[in-house]
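One chain, chain A, links the two complexes that follow: it is found with chain B in the first and with chain C in the second.
Right, the complex of A and B next:
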């Protein structure tokens, strides 16, 4: 088994100490940090995401895998920065105004990070103008909006409106969260809805390519 | 002296109250505002909501303390208010509950994950819950409710913290969703495992509240699984007013009071001891539920 495959499996299984050692080992073999990300971490996160989508694993396994990925990224990020390598796409993500729930938002952020997106996480209770400012500042291609409460779903509509009003017509807006549906997404003029964090990655990649 | 909740719920059908948050929003609470603050800033409104549920026939009155752990209050920078506001929450519920009601001290999720998913140890979590529960007991709670849980580890920590703080009955409830035709919590726990964990940790009553996108038919099926898992021990189910639907561009829970009452009758007939309400329910829904008992 190649070290890349071992690393992917360590990430997928949430074995963070193994994952860190394998990341170091690959770097010592002279592998470029971006290759470690793309051929080691990304496949691992994608594999666990696929199992999550199929109800073979649940949130705990996703969180543990994401922690392993994150600790490897902590080793790789400074090297990527030194080499001047930036992720191809940047996504601004946050839970909309009035809503303090962050589990779903964090899962999507982790999965996107695991797919090598640059992530600007604005946290919870984020005002529409803050989303707009972050998109402009970071030149993001994507905005991801999360809501858990039915009472805060109208804030998604306001945020979509604010992004469009700011002249950011080509920015793709993704929405998700327990009460959100495809109908609601269409109704408020967002670009895409996904039911779970793993599907959000596929959707984000698809939309980013059409940016 | 009134019987304990555990004794009473085995002798007669009992009704728990319904949603608090949406009632406070109708009374002017801003979305995202700290609901716990309302105990001290708008105590009359809190008592009025409790009283509306009590007048509807609910004998279990749940304190306004869902986000009352230190970890949740810290999100508003108000962690130091834990003891004061939880005592107050219990006191306000007691005003409305009266001699024949029970004050149910409400404990919600602490807002993060236990190790190894998150950074919080079981010992730290039990301390967080114990602090809140001690204050609810001081304020006059007759029972403790650890609710809307996803992780049986977190629920068990809440139950153990309650048992350490008080001899009062403890209720544990989870929020379930349906994935691939099976009821599971967000953490993937099945009904059987979740209910077993609650009783193993020392709960007197166990069941479910809330839920993601569950229809009234789903709640009936969920109730059957809860009763089977409880194996003769007391159970509770607090459904939402159906699954949220989008009507004229707005999200609504559209089950009527009559729909809820019909479900409540079915739940009692299959052996659910206590029926209440969660998201989208109002005093009108609970009045119909209580009248159907």
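Right, the complex of A and C next:
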């Protein structure tokens, strides 16, 4: 088994100490940091994401895997920055104003990071103008909005409107959360709806490519 | 109370939403109402009257216990909502009656004076409270399920301590509600679900679920039993059959599950001495795609299937029905649809 495959499996299984050791080992072998990400970490997160989509694993396993990946990225990110390598796409993500729930939002953020997106995580209870400012500051191609409560769904509509009103028509807006539906997504003028974190990654990639 | 009371309500075909939020928000000054026990009690009584039920269900606000706990620890009010523990607090803070909690207890006292109404209390369960006190509750629960302990992982120590002090605050709050006159308590554990507990892990052992959810809930049940107060257990999260079985073992007077459950199948998992309540998809009532006709179809289907099981059942909502500004009529039309359906 190659070290890349071992690393992927360590990430998939949430074995963070093994994953960090394997990351170090690959770097010591002279492998470029971006290759470690693309051939070791991303396949591991993709594999667990696929299992999540098929109900073979659940949120806790996803989080454990994401934690392993995050700790490997902490080793790799300074090296990537030194080499001038930036993620191809940037996504601004947050839970809309009035809503403090963040499990779904965090999962999507971690999955997107696993797919090599640059992530600007604004946290929870985020005002529309903060989303707009973050998109402008970071030149994001994608905005991801999360809401868990029916009472905060109107804030999703307001945020979509604020992004459009700011002249960011080409920025793609992805929405999700328990009460959100494809119909609601269409109604408020968002570009995509995903019902789970793993599907959100494929959708985000598709939307970002049409930016 | 006599458990037969709830069985008789089910037998009589009671239907009701958890609708206090809807009625509360008909008051322009609802922010003031929730701080005024007399007026809040009036809203609770009006809600029971509106939906023709003797069960006086309080406002479901599961933030009050966190607020009380952190207030007692001296956390500034403005920080409470988003505050999370960085490390396990060593001392258990004393329970304090915050203005909201005082009003909630006063509202129960107000309802208790009304003949024909069952004054009910409400609160969050110990596990769900813990999930509001730490920034990542899922990872340590999973790690504990792999056999790691509080000595191995500080994150596990943190959640275990949070459950411990949270349970004490909850017991104190429930005692205050019982002292105010509550005859039944609705305990909400929406976080005890398969987002927080991997079914793969539970397939091997339920020890972690019992340690963090069922065990603390048994302490709550023991308090209620000692005061002659009935348990109404609510969990609108996504559950496995085994989780339902664990909750069934709490011997609640009523159990309310979310719409991810098929209640006619759960009837086989829950004793007939426990009334099943629910579980129309009220979170979707805001959507125009969820038509009145669809609500009627779902209600009819649920009523027929529950009748075929012979299990005591009250038709209602999957959770509290929230009033959303601008969508009040849309939501109420769906509530009216299942309340008024003739079958």
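Keep in mind that, in the parts below, the second predicted complex is superposed on the first by the 211 of 211 C-alpha atoms of A that agree within 3 Å, B and C clash if a C-alpha of one lies under 4 Å from a C-alpha of the other, contacts with A are read in each partner's own complex, and residues count from 1 in each chain.
We adopt the following convention: contacts are C-beta pairs under 8 Å (C-beta built on N, C-alpha and C of every residue); 3 or more make two chains touch, one makes a residue touch a chain.
This one's a predicted model, so the numbers in the text were calculated from it and none came from an experiment.
Student: State whether chain B and chain C clash or fit side by side on chain A once the two structures are superposed.
Tutor: Here chain B and chain C cannot both sit on chain A without a clash.
Student: Given the touch rule stated above, what does A:151 touch, chain B (first), chain C (second), both, or neither?
Tutor: After superposition on chain A, A:151 lies in contact with both partners, chain B and chain C.
Student: Once chain A of both complexes is superposed, is A:59 in touch with chain B (first), chain C (second), both, or neither?
Tutor: Touch partners of A:59: chain B and chain C.
Student: Give one of first, second, both or neither to describe whether A:67 is in contact with chain B, with chain C, with both, or with none.
Tutor: In the superposition, A:67 touches chain B and chain C alike.
Student: In the superposed model, which partner reaches more residues of chain A, chain B or chain C?
Tutor: Ranking chain B and chain C by residues of chain A touched puts B first.
Student: Counting only touches as set out at the top, which of chain B and chain C does A:78 meet: first, second, both, neither?
Tutor: A:78: touches no partner chain.
Student: First (chain B), second (chain C), both or neither: which does A:189 touch?
Tutor: neither
Student: Does the superposition put A:167 against chain B (first), chain C (second), both, or neither?
Tutor: A:167: touches no partner chain.
Student: Of the two partner chains, chain B (first) and chain C (second), which one does A:98 touch, if any: first, second, both, or neither?
Tutor: first
Student: So which bits of chain A does chain B touch that chain C touches too?
Tutor: Chain A residues touching both partners: 57-61, 63-64, 67, 100, 103, 125, 149-151, 153-154, 178-179, 181, 183-184.
Student: What does chain A use to touch chain C in their complex?
Tutor: 57-61, 63-64, 67, 100, 103, 124-125, 149-151, 153-154, 178-179, 181, 183-184
Student: Spell out the part of chain A that touches chain B in their complex, as residue ranges.
Tutor: 14, 55, 57-61, 63-64, 67, 97-100, 103, 125, 149-155, 178-179, 181, 183-184, 187
Student: Quick check: in the complex, which residue numbers of chain C touch chain A?
Tutor: 81-82, 136, 138-139, 141-143, 145, 194-201, 283-287, 289, 322-326
Student: Once bound in the complex, which stretches of chain B touch chain A?
Tutor: Interface residues on the chain B side: 21-22, 25, 30-32, 75, 113, 116-118, 150-151, 177, 179-180, 182, 184, 186-188, 212-213, 244, 246, 249-251, 253, 279-280.
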